[in-house]
Each structure stands twice: as structure tokens, then as C-alpha cells.
Amino acid sequence: MGRFGILTSGGDCPGLNAVIRGTVLQGETLHDQEFVGYLRGYRGLVYGDVMSLDRGVVRGISSQGGTILGTSRFGPYTEPDGTPDNIKSHMRRLGVDGVIAIGGDGTMAAANRLYEDGIPVVGVPKTIDNDLEATDYTFGFNTAVEIATEAVDRLRTTGNSHKRCMVLEVMGRHAGWIAMFAGTAGGAHAILIPEHPESLEQICEWVRSVQDRGRSPMVVVAEGFTLPDMDEAHSHKGLDGFNRPRLGGIAEILAPLIEEKTGIETRATVLGHIQRGGVPSAWDRVLGTRFGQAVSNMVADGAWGQMVALRGMSVERVPFSEAVGHTKNVPLEQYLGARAIFG
Amino acid sequence: MGRFGILTSGGDCPGLNAVIRGTVLQGETLHDQEFVGYLRGYRGLVYGDVMSLDRGVVRGISSQGGTILGTSRFGPYTEPDGTPDNIKSHMRRLGVDGVIAIGGDGTMAAANRLYEDGIPVVGVPKTIDNDLEATDYTFGFNTAVEIATEAVDRLRTTGNSHKRCMVLEVMGRHAGWIAMFAGTAGGAHAILIPEHPESLEQICEWVRSVQDRGRSPMVVVAEGFTLPDMDEAHSHKGLDGFNRPRLGGIAEILAPLIEEKTGIETRATVLGHIQRGGVPSAWDRVLGTRFGQAVSNMVADGAWGQMVALRGMSVERVPFSEAVGHTKNVPLEQYLGARAIFG
Amino acid sequence: MGRFGILTSGGDCPGLNAVIRGTVLQGETLHDQEFVGYLRGYRGLVYGDVMSLDRGVVRGISSQGGTILGTSRFGPYTEPDGTPDNIKSHMRRLGVDGVIAIGGDGTMAAANRLYEDGIPVVGVPKTIDNDLEATDYTFGFNTAVEIATEAVDRLRTTGNSHKRCMVLEVMGRHAGWIAMFAGTAGGAHAILIPEHPESLEQICEWVRSVQDRGRSPMVVVAEGFTLPDMDEAHSHKGLDGFNRPRLGGIAEILAPLIEEKTGIETRATVLGHIQRGGVPSAWDRVLGTRFGQAVSNMVADGAWGQMVALRGMSVERVPFSEAVGHTKNVPLEQYLGARAIFG
Amino acid sequence: MGRFGILTSGGDCPGLNAVIRGTVLQGETLHDQEFVGYLRGYRGLVYGDVMSLDRGVVRGISSQGGTILGTSRFGPYTEPDGTPDNIKSHMRRLGVDGVIAIGGDGTMAAANRLYEDGIPVVGVPKTIDNDLEATDYTFGFNTAVEIATEAVDRLRTTGNSHKRCMVLEVMGRHAGWIAMFAGTAGGAHAILIPEHPESLEQICEWVRSVQDRGRSPMVVVAEGFTLPDMDEAHSHKGLDGFNRPRLGGIAEILAPLIEEKTGIETRATVLGHIQRGGVPSAWDRVLGTRFGQAVSNMVADGAWGQMVALRGMSVERVPFSEAVGHTKNVPLEQYLGARAIFG
């Protein structure tokens, strides 16, 4: 019973459409719920901008990347119109009884504030970096790891043929989960993540020792990794004589430094946006679908102010107040475990 | 410290080589362990048939399907030579201090008996069907689900173009996890699993209702599913006048029955062995690697008589006595949850 | 200038939607043409059953398998309504000035007869088997080969792990192009095609010699291959005591025969429909797009009674009368070339 | 009869190992030839540095990227040791009767000079860019196009979700074949290639018109494309106040320019090395195998001073003197054809 608005906010992520589809099918079939889709994240909520959303609309979308609702980095309180009264007034006009917000930590924080301001909201966590403490996994992460691992596999054959060191930069601004998984899966000789500094000397030592064993070094680095001596690195004067501002990412800083210190020809690849788009993996579609079904059940129970989360094999509910603001880092022990078998 | 023999037993599975590599790298690097590989499962153990296994041998194998050790369905106690004394004598001859057995429920049961007969054994669970109660997931399952889901995606476009019903048979002898995941990911209109009988009438009703909404029905069935009236089905007399023995699988039984009862042209595909071979998914390589590292730690701790298991995000230890013989079925509730949104 | 009806007929094939999109975009942009889509092949033509077809409708479809128009094996002359007068009358009613028929040899033969009966028709050849003499390649073939090759790669690891012979059946009713390409790409130890008989003895000799060199035999067989002694094979009495009618395909006949004669455990996989659906390869999308653009140009030129064809790197025009009925077999020389390096 | 040395020179390319395997299998089976592998391109030839190369060594390599022989950009005449006499002396010492050089235009030019200096050499053309006039296609190109097209597919969903313009840079230094194929397959709204200048104004007009129709612009650009006003672009002062030297490629120059002129948020992705490594497509393995078989036949015929080439469906022989130095550009007509249906 009731009519609910779904929105997707923040960076896009494989599995968003599976969540939308799972919510709508579960709601229509089991709970007699109706849905509208807010366009472009919180912007749609604030301006009352919606599209219709029913079984027909969500047909076949779970195998598509991105989000059919569009998304933005717009926060609900950042513009003059973004007041609880305005939002409620648009909800009344549209006959919307509650909001389902799908997004990252910032989205959930905003959802919590909306909830405290009297707006019925539930959440579905989303972060391609998998760095939310409250849930074992988020959808999108698995797809990103598969894409990054395929890149490691591909780069390795080029590295071996040319006796080069290859440096691959993957996503992971604050936590290095994608680098950890793709590096482990691809048998990287060094994995560099934001949580655990490694010196340029240590990195070069790994690279040299791999080379000495007759192999071609493969380094996987998360975009958020920084060298302890990074300021120096930022202004590193390249062979071309230019001062080199940080443009393309940490891989493009690391590669010339490694080459300079080891004498081994080194090439950087920044994987970038191709990690977040396209056909989601089966795992992410299943997780998204289950999250969508669970959030429809939450709405049916009136369990506002909470979000869904994966714990072991089951989908559970967690209050926003507990979930928000807790980043899940790669534990030191797990990093050292992976590090033990580098190369 | 010490020298250990690794064996892989039962059906092959993507991720086996990642376990072998993870064990050897962890053992050599952290625990000063040495390894040999028993050839073709318990056969190698019984006949003392081994290959050398060190860092050089396991280089780059985690991205390869199958097992470099070979495998068989041979049990250690089934032949005259398969006595604990013979096995111990071969172990002494080869200087092997303990055994790491990688395999399914039968392999673990045999490992337990060997352990009770005084042979130091630890285990790594393996089942592509994911039907072991003791662990959330086993490696290989994820790869199989991705392959099966791609098949659903492919069959769907043919079904839609020809207005046909497509029936896809996937693995799952006793438990329907692959069908559940691939069917959910692919948006199947019916998922049929061994644990939960559905009548032919119910299946045909789903198929018809999908057709009535202008879509082309997609049925995903686990190989172990049986119709309540299966005996009749087995001897079903086809349009070609032949009595039809069960050759190709349940999909080839179901398809003509559905076509006959609904009048909708129906085609069967039996996915078969392509689900278990080839490049493992990143997820399975990571899980295999972590299992391998953990089992090397168990050996270092002398924790014989136990196997590794995934619980939530951590790898734990479970005694054989607790783990063996407990199948993990798809819970009824979860099946009904997926069933609620069929089509 | 003018308004044209597009139809897709016969089995579906990856790249059909690329042809449709290429035709519509080229026609609207360069030639001021309008289009309608006939539904379900010639059925739509005979009954005047159409959907609208413009730039908006074809947006993004080239990466989708199947055909948005639907297809059927219906011939234009097979039913009472299927007369040139009826067809012309529907065309007048719908304002359709000419027909673009996309299909196989049968579709082109029917197109030629329609053309001789005074209906303006042009054609785009389609056969996933690549067995049309008039064109170097047809779209869909490349996708099928990639899927079949991935299956060979996957089966190989299972074969090696279990020391089994694996038999993979791929499409190819009259010509063995898919088997030739996938077998060559996958390094098969035997490739069996309809054009060139091989005796069971020869096949078993290849299998044995591979086994003798310590490898696991991989046999790729086209569905249209028959043993010289096939009638006997058809009624082969299996180990289960049943007479074995031909149900699942030639692979399921061959596998037990090979196992019986060589004593090597042998498994069959019938790839079936997954070869023809799903996301088309880039090559097939490009070829489909180029065919579509070229057929729009043909219509603009009033070049009725002809079809497009790939010759080297260029797309050319061939009269139906020359193109129809000429199958392109794998040349004996090319087969012997592949055969020389088996295993 | 005889013993021949194979070398791979220049950038690595999917399909190199298929050529090596095809040559060795054909030679051993049909012509009683023996082979050695020169290590790291012409370096191995000049210094007489070889590995053994027989049926056992080439087993299963055609599905691997890179080259088992290693490669380099070393030319045979660039160092003091690189004299015909030295090379011949090493050949005599190793019992090598002739050389099979696999490489790009530079490699073939060097091969021609060696041939003129009295060394028996034959060639196999290799360029991932597909820009050799003498052959319809080179191996590696097809794999690169498939990888680039998958990237277009992935970027599109992100572009649509965020209403962004996405710019993808693919390989193609002198000729834009990869951009043409991947852009056509992926339905790009603009394709930019080295052969045909387009102004920034024209590009922005395409981008804007796509946006105006409610879609998200996708631009595919070959690395060798330059803006007519490129010098200005090179020193473009970014929002960060730095002068921006050309680091990451043309996509990273174009994206901020497009964003500045259109006001549409624009993101660049440089695909880079992942286009050239990893598992080759079936097509490239088949083409590589056929080239390898053909070059073994050439050697058997003593047809020195020539290279193999694909013409239509057959593999032919072309004298170095005719083949070298003729780049195959994308013909203007074909580019305009693709351009006609942008968006």
C-alpha cells in the first residue's frame, strides 16, 4: 500500500537498475505499492521532478549499467529550494508517501537528515569502492573488480613480452578494496592502497626483485594511494623538462619514478570510468535485486530511517544513525596477508 | 617447517589452481614449508604418485581453470592398496608430513576418515554447486553463475525474436544455487530447483502468463530438479514416436512437455561442462587464494582434522566432524522471495 | 525519398539490429527516406502488420542481439493470403514503396520471386553458418565463432584435469565454417564438418594419438557432420540398454562411440542456441551497419532485385539471380590445411 | 627440410603466438622443418640468442597474448654488431637456414634490407592499427576493436546516467581504423581519426546537438588525431592554472576544451595498453594460425623476400619491395560514410 519515490544519487554503479527493478517488482507483487522515479538524484526530490515507474518500465533493466533515473551529486539541502517544507509539499502534490534513497555515504547522511526532519526515508547503500562499514559488500564492487582483473591479465602479457614494469591504477579513493581484490586475483607483484603507505624505495625493491627472477613486474595501485614523499612527487620534473602537475592519477606519477630509480622501462594505465559502467556482473545483479526486494519490505513495514545491508548471506536492516560515517578500510592484517605473497 | 602434499579430488572447479598457488606461496614465504602435488586426487596419495610443487611451478596458474594436479573420483579406501598403512608408508618414503585435501563433501568425508586413521590431514572445501552448509561460499560457484547468466542473456534475445519459450539447464544436482543466482540475475520467469517441487501445471501457467503479457518466457532449471510426475515424464512418448529415455537432462524433458501443454514453441539448452572450466572469475581467484593462504596457516599451527570456510568476510576453521554431510539447500523463504518476482 | 518496409526472416542472428539501425540512419540522414518495420518476417509483409521505425526507435539497438522486428520461418507464398496482389495492396495501403528483406538463402529466394512478381525488393544476406557463396562473410558468424571458441577454451581445462576426451558440437548444418574457425582458434585435435567425411576409425586414431602424447583430446564437430556409418550409429544400443534415437545432436552420438572404441572417458557438449543470441561482436555490428548503409543506398538508386555482399574490404551489389542457391562450402584444401596441424 | 629462426619485433599484438604455433606445427608436420626462436626480436638475430621451438613448446600458446619469444624495438642495423656478416655467422653457428620475421612496417623494411644483403628472410605483417596497405587485415586489430568497443559500451551507461560527454581515446597513430570500427560498433556520436581533421567547433557542434536531443555524447578519438589548432591546445591553460603539457593523450586535451566550449561536463578515458594484451579473439587466432601455416609453406618453397597477406578470404604472397612503406589510411569516402550517421 502506498506510493513511493525512488532516487539514485552520487556516482553511477553497476547494479543500480537491479535495485530499482527489484524494489518495483517486489512492491507491486507483494505489497500493492506504487512507485515514481525521482530524476537525477536529490535534484528530483527537491524540484518534484519524476518519471513513472512500474513493471513495464523496469522490464529487462537489471542487465544494464548506469541508472534509468539519472543521478547527480546534488545535495537536498544545498540550494535555497532544498527545504523540508518544499520537499514535503512536492511529495504531497505527487502523492508520494515515502522516499527510497540509493546512494553512498553522503547520500545516506542526507537521508538521515531528511528523516530527522520528518520525511519518511529508507536507504540502499551504494559505493563501488566497497568502503561502507555497515555492509559486507555493496553492488558494483564485484563488476569493478572483474573489469580491473581483466585489465591486469591483459597488461601482464604486454609486460612479459617487452620486459616492462606495468602500473595499473584502479578506483579506490579512501579504501583499497578494488586494488586488493584485482591485485590478488591477477597475481600482482605489488598492491598499493590508501590505508597503508609504502615508500618508493620499498616499491622499487619489489619491482627489482621480480625483474631479477626473470619476470615482468605488475603493480596495482588504488587512485587514493599517496607516496609519503608525495609533495615532491607532485612537482617531479619529468624527462620532458616540464613540471608535472597531477593530472592523470597516481599511476602516471609512479611510473616515471619507478623507471628512474630502477632503470626498468615502466608504463602506466589509468583504468578510470570503464570500471563503473556497462553490463553488471551476475553477482551485482543478484545483490541489487535482493537489496531492492528488502527495501520494499522495509517500506511495507514502515521501517523508516534505516538502510539495507548484507551480513554474511542475509540482508539485514541498519539504522542510518549507526551506518553513516563509518568507512570500511582494508584491515592491516589482510593487507599484510596479501603482501606476504607478492610476486 | 615440514613438507606437505596437496591433492585435488572430485569434479574440477574454477579456482582450484588459485588454492594451490595460495598455499604454496604462503607456505614458502611465511612458514618455510615445502610441498609436493599428489597426482589425480586420492589416487596419487594411495600410490605415492607426485609432482614437485614450488613457487616456480605455481607461477601464473591462478588465472587458469582446472587443476594442474589432475583429479579423479577415486576414494582412498576403495581399492586393495588403499590402506592407512600403505598411505603412511608412501608418505614416509616421500618425506610428506601431512596432507592438504581439496575437494567436495565426499573428499572431506574421506579426509576425516584418514584423519581418524592417524594421518595428518586438513581440507579445503570445493563444490561448484555451493551446497556445503559449513561455508557461505565455495570457489567455482561464482564463475559458474557468471557463465550461466551470460547464457540466459544470450537465450533471451533469441526467445524474444522468435516468440519462443527458452529452457536453460544449469548445474545443481542437490541444491539449486546456480539456478537461483543465474535466474535472478537474468530475470528468469521461472526458476526450478531440486529443493522445491513445482508441478508441470504451475510451470505452464507461468509460461502462459508471460506470453500473455507479450514477452518470451525464460525458464532456468537446475539439473537435479524433478517433476512430481517425473516417472511418467521419463517415458514420455515424443512427437517422433520414440520412447524418450533421459539422456540430455531435465531441460530436454521439460521443453517438449511445456510446448505440448501450452502450444508455445519451446527450446532446451543444456549448458553442461562449459560451466566448470576456463578462466576463473576474479572473485573465485581471490577466494581460492585466501583459502590456500589459510590452509597453509592451519598446517603451520598443526590444526589437523579441520577445513577452511568462509563466514561473512573472514576465513575460519571448522572441524571435519562438524562440516561433513551437511548440505546447504536454498532456504524455502529465499526461493519464495525469488518466486514472488518471476516475470 | 520514399517509404520502405524492412523485414527480418529466418533464424535470428547477432547483427540484425545493426542492419536495421544502419539502414534507418543512412536513409533518414542522406536520402530523406522513411521506414516501417514488418513484424515477424514475411508474415508482416503478407498481413500488412507493421511497427514504426525511425531514428528514435533504432537508438542503441546495434549492441542488442536478436531483432526488434521479430522473425519467423514463414514464406510469403505458403499461405492463401500470400499472393503478390495482396502484398501489393497492403503496401499501397501503408504507403510502402519497396521492401528490404534481411534473411538467409530461403529468404533471398523468396525475395527474388517477389521481385519477379513486380514487387520492388532488395536484400541483405544473413546466415550464422557463413555458407553463402556470394559474400565473404555474413554478420553473426563472427559472434558465433567467438562464443564457440570460448567454449573450447573452457572445456579444455576440464578435459585436462580429468584426462577426458571432450566433444563440442557447434552450429553448421551444411557447411562447417564455425567448427573450422573455433576448432582452429581453440587448437582442437579434430575438426569434423559436413563437407568432408571422416570415419569413426580415423577420429578414434586422432583421439588415441593425442592421449598417447599425454594430452586430453578436444573434438569440435559441426551439427551437420555425419559418420559414413551413421545409420548404424543412429540405432546404436547404449550402455543403458536403450536404443538411442538422435535427440541431442551428433556430439551425443559420437561421444559414447569414441569412449567405447578408445576406452577414454568422453563427454559431449551441445552448444546450441547460445551461439546465436546476445551482444554481437564489434565485427558483426560493423558489418551489419555497413550492410544497412549500403542497402539504403541501393534503395536510393532504385537498384531493386539485388542484395549487398562483402568482397574483400568493400560492400558490393549482387543480383538475387546470381546469389541465390549457391552454398559456400569449406574448400577441401582449406580443410586439409587445418587437418594437417590437428593436435 | 631445414632449420629456421622465428623472431617477433616491435609492439606486442594479440595473435603473435598463434603465428609462431601455426608456423611450427605446419613446418614440422608437412615440411620436415625445424625451428628456433630468436629472443627479443632482431636483438636475438644479431647476437645469436635463441630458444628451442618445437611442437611441445608451442602447445596451447595461441590463446595467450604477447609473444613467447619476447620482442623489442631494436633494429638489426642500428648497433656495431648488426652487420650482415655477423648475422650470417651466428646463423651458421646455430644451423639456421633462414629467418621468419614477424613485425610491422619497420620490421618488414629491415627484413627487406637483410634480404638484399643476402640473408634468406620471409615476413609476417603485424600492426594492431591495421594500417598496412598490402593486407586486408592484420591479426591483433580485431582483438583491439573488441576491447575498445566494450569500453564504449561501458562508458555510455555512465555518460547517460550523469548527462556527461565521454571521450575515449583508442590506438591509431597514423590511421584511425580502431576508432572507425569501435566507434561504428558502439554507435559513437563523433569519430576522430588522424587522416581527417575536424575543427573543435565541428566537434562541439556534434556534442551539443546530441545533448539537445536528450542524449549523452560519446566521442571516440584515435591517439594520432590532432586539432588544426593543436599548438594552442597543447599549451592550453587549465582551470588549475597550470600550463598543461601533453601527457595523457589527445583525449585529455580534448575533454576540457569540449567542456569549456559547450558547458557540458566531459570526461576523458585513455584506453592505452589494455588494447594490446590478453587473450586474442578467435578471429585473430585463426588469422595468425593461417599466416603461420602460409609462411611455413613459403619457406618450403624457398620464396624468400616475400611476406604473407590476407586478400579477401585467401592468404597470398607479396614481395617486401611492394609491401613496405605503404600505409593504409581510412579512405575519405568510408570516413564520410560513418560520419553521415553520427548520433
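Letters A, B, C and D mark the chains in the order given here, with residues in each chain numbered from 1 onward.
One rule holds in what follows: a contact is a pair of C-beta atoms (placed from the backbone, for glycine too) under 8 Å apart; a residue touches a chain by one contact, two chains touch by 3 or more.
In UniProt terms, the chains line up like this: A, B, C, D = ATP-dependent 6-phosphofructokinase.
Nothing here was measured: the structure is a model prediction, and the numbers come from that model.
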item	value
Steps needed, at fewest, to go from chain B to chain C via touching chains	1
Chains touching both chain A and chain C, listed by label	B, D
Inter-chain centre distance, chain B versus chain D - centres from mean C-alpha coordinates, in Å	41
Distance between the centres, which are taken as Cα means, of chain D and chain C, whole angstrom	30
CA centroid of chain A to CA centroid of chain D, Å	34
Multi-chain contact residues (two or more partners), chain D	153, 279
In contact (per the touch rule at the top): chain pairs	A-B, A-D, B-C, C-D
Chain B to chain A touching residues, read off their complex	21-22, 25-26, 29-30, 59-60, 62-63, 136, 142, 145-146, 148-149, 153, 156, 181-182, 184-187, 215, 279, 281-283, 285-286, 289-290, 293, 311-313, 337, 340-341
Residue numbers on chain C that touch chain B, as the complex places them	8, 11-12, 16, 40, 64-67, 70-72, 147, 150-151, 153-163, 166, 240, 242, 244-245, 247-248, 252, 267, 269-274, 276-279
